[in-house]
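The structure's right below; bear with me while I get my questions together.
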Amino acid sequence: MSADAIYLDYAAATPPAPEVQEFMQALLMSTGGTANAAATHLAGRQAARSIEIARGQLAELLHTTPGRLVFTSGATESDNLAIQGAAHARAHRGRHLVTMQTEHKAVSDTFRALEKAGFEVSWLPPDANGRLDERQLTAALRADTQLVSVMHVNNETGAIQDLAAIGAICRDRDVLFHTDAAQSVGKMDIDLSAVPVDLLSLTAHKFYGPQGIGALYIADRPGCQILPLMHGGGQERRLRPGTLPVHLVAGLGAAASLARQKMDDDHAHVSSLRARLWEGIRRVEGVRETLPESVCYPGILNVSVAGVEGESLLLALEPLCVASGSACNSQSGEPSHVLRALGLDDISIQSAIRFSFGRGTTAEHIEEAVRRYMQAVARLRDIAGDARAA
Amino acid sequence: MSADAIYLDYAAATPPAPEVQEFMQALLMSTGGTANAAATHLAGRQAARSIEIARGQLAELLHTTPGRLVFTSGATESDNLAIQGAAHARAHRGRHLVTMQTEHKAVSDTFRALEKAGFEVSWLPPDANGRLDERQLTAALRADTQLVSVMHVNNETGAIQDLAAIGAICRDRDVLFHTDAAQSVGKMDIDLSAVPVDLLSLTAHKFYGPQGIGALYIADRPGCQILPLMHGGGQERRLRPGTLPVHLVAGLGAAASLARQKMDDDHAHVSSLRARLWEGIRRVEGVRETLPESVCYPGILNVSVAGVEGESLLLALEPLCVASGSACNSQSGEPSHVLRALGLDDISIQSAIRFSFGRGTTAEHIEEAVRRYMQAVARLRDIAGDARAA
Amino acid sequence: MRPDDPYSPEVRLRFANPVNALPLKGAYPVALSAAASMPGEICEIQFSAGIEHGRIAEIGFRALACPHVIAAADFLCSELRGLAVSAFATVWTNKLMAALSIPEEKTGRIFLLEDALTSLGEQYAAEHEMG
Amino acid sequence: MRPDDPYSPEVRLRFANPVNALPLKGAYPVALSAAASMPGEICEIQFSAGIEHGRIAEIGFRALACPHVIAAADFLCSELRGLAVSAFATVWTNKLMAALSIPEEKTGRIFLLEDALTSLGEQYAAEHEMG
């Protein structure tokens, strides 16, 4: 990659923290860090120990106990395990499920597959601030509703949902509550000893851990049972078989521990970056903040702009690495379903850019982003001239 | 782990090759190596490029084309994806499936789950050499048979199956053929342009790649379709969603490329080690080679011994890191279903030790293993004295 | 084009510096202008040309479109400048796709350019040959 | 015991060097021997004891068993040596489990040791007190 690339796509993937990298590297060079944790010999026990330490670190971050955490390959798998697993485990009680229109594809595509398998899904819209209206949720719940899935922080807009309020409504009606917290774990405090969440998905590469490892939290209460997606060696309480990848699990643990220490500083840092970025680009004529900071996790700023074609904007912004809509959708070319649900028209959606930043982002990066964004919009409008849409 | 540990459990996990480690480390320190490969920006494209290079390296190892390979989290997931995916995709044609009694749990537990879901499974026994009798296979196939799954190299005994012969029988009857090749990929030449295999599972950490990454090969021919286990961002031809872990995929690719170069040397190396090991321990009274080298991959030597309790034998062998039965079963304490299917009695099974070795194993390690095995058996027999079973 | 780059060097170059993205300057005996757009997509293109002695003396474009269309329009202008007006009727798409290594899924948008040129040609014919 | 080690240091030590894994040496006024085994498992244990003046003068064991049972048998012999024969009737299991940090799932096997000792005590009673 060209040396001057400026990485502003932390919502798609955060680079692993140097501490995490070093720790993984040390494990990869040791017998205990590369053994099979299911083996009973010295090296295997060492591997198992690394894994249990990591489980403890993640439990501490989430204010829960290690036994509640099952390691997976990432949030996509956690979402599938939680949603398919709960839907099938409770299918004998009812086949109605509830989610939102603004979920990540790992959630929405899973619900769509369940629809094909005979489940009924209610898709709730967000309000103008991207949030779930709790009265709508209450109204949607039925006697046969088994599961509600609402993400914590939206990956495209940063919109935050009120887990405590949603969880309370679900508990009240004996409905399981799953949340995809891929974008918030390690960045916002989530206290699972207090917030009534039953199932929570996370992935390490969104909080400075490695790619390819995630976890599912499963609450310890009656009725909170799920069926596995896969079968095999009996690992992870038979819910997720397969050799546990020691260096990845340990990397996740180290990232969790680091996140706990740095959470306040990280949050203050991205808040100030977001303010600076928006202050800079709001001067562009026709630019619009998709959602205001007050309702968002501040590490994400989603903006759209009039009179500019999105693909050209992205190329004109190079070497800024930013996302057009969700990184998970960016190759499909379809307009973002999240921005649509928020009421944006297709012209605005196609011009939307998601800036997202984190620990490694500096004020200089932000200044450069502002400069390039202004320049790119001006240049493209120049090329468009009279052909330019209103 | 104590410095003098001798690692002889390569069938459970191989340490990543130094070349693989270095390559992954370099990626972990680069923006392109830690970005989301689904992103269209510079860093994302760099990530995507690393992934496609790796896919090409793996394709070369297997004599196939990159487009046939789907990355997964390991062989357990590949087995589940292949078996569940093919069974469900072809359920409208028939619900009869065939496998062996000596498969890895990732295969056998998946078939057991399918039995519960209304599929019928024929479990074929091995012959005295651990091999599938092809006449038995032919006899087991029915008009409604959809899938045969037979592993390439057995993880407990090293027994090799004849993929070409089994595949030919399956092709002839329009039945899909899946093989779990976790123990053979990178160690034995598998030519997918010639051998009629439809689905093949592999995992990187069995051939000097990292843990947490594997692949499924899916043949390009009519009828060879599978349904996904998970839903989400559309990655891997919609068969396996989720952010692709760049450093792991690249590590797998590097390991594949290295395996191709070293395959002959590696094979000669483990052959000579196995011979040396068996030459040494066959002198112990009552010791038995579970299967002879002539029918096995030589990186595995499974032996049982009379008059010794297995758990004490494992502890007495420390700091040798060896497995009692399969590493995947070692925590369950049940006698190995594989050794049972070979006709071993429970007393022999509980004393069985799997030695497995690889690139990092030296003749000195083997000499030390021989010495310790002889010593351990002698000492335990001494403690047993008259109490000793016949 | 690197396998991981959807844009060929030619596209990148023209997109970065589209020398022909200009309003028509100067006065010409015949001044033509034609636009085309892709329904349901952000893809609008406009050519303006000055014709002198049956030749394309000057031509420029405006585009609110993706990088491939901008680069292709720019390339077209450079190619057309100085040619006889009959060049408007040439089948350009294949040449554009090849010269700029444009991916197949963009074919529809590239046709749009041809449409606009055809329409320039028709305009010229209507106004001057037939007139 | 490290959390990743199923064997406590006490178990490791006694397993590595079971000083009491011996046949009975020397001649004693009363020589007893009792064995116990676990059906369906490889777990066989035998104690031999020499009794003098109602005291356990010497005691040794033999075991074809797991490390916990070997260590526990060895520990028991050390504890019993010198005690009155009534010690055979003591409830040892809890003490053994605690002293050697034996995991719960091994309780059944540890009971086996107690069974063998009880049987030594009964033998002694049958042969000498009642006789």
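Here are some notes:
Going by the order they are written in, the chains are A, B, C and D; count residues from 1 in each one.
Note that in this section contacts are C-beta pairs under 8 Å (C-beta built on N, C-alpha and C of every residue); 3 or more make two chains touch, one makes a residue touch a chain.
All values reported here derive from a predicted model rather than from experimental measurement.
Under the touch definition stated at the top, chain B and chain C share these contacting partners: A. With centres defined by CA atoms alone, the chain at the far end from chain C is D. Chain A and chain C, compared by their mean Cα positions, are separated by 43 Å.
For this pair, chain A with chain D, the centres built from the Cα atoms lie 58 Å apart.
Rounded to a whole number, the gap between the C-alpha centres of chain C and chain D is 96 angstrom.
As a whole-number value, the distance joining the C-alpha centres of chain A and chain B reads 33 Å. Listed for chain A are residues 40, 46, each touching two or more other chains.
The set of chain C residues that touch two or more partner chains is empty. Note for the complex: chain A touches chain C at residues 307-312, 315-316, 347, 350-351, 380, 382-389. Interface residues of chain B, counted against chain A in their complex, comprise 1-2, 5, 7, 9, 12-16, 21, 24-25, 28-32, 34-36, 38-44, 46, 73-77, 79-80, 104-106, 109-110, 112-113, 203, 205, 210-213, 229-234, 241-248, 314, 318-324, 327-332.
Against chain B, the residues of chain C that register as touching in their complex are 2-6. Interface residues of chain A facing chain D in the complex, by the touch rule stated above, are 40, 45-46, 48-49, 52. Across the complex, chain C meets chain A through its residues 7, 12, 15, 18, 21, 23, 35, 42-46, 62-67, 70.
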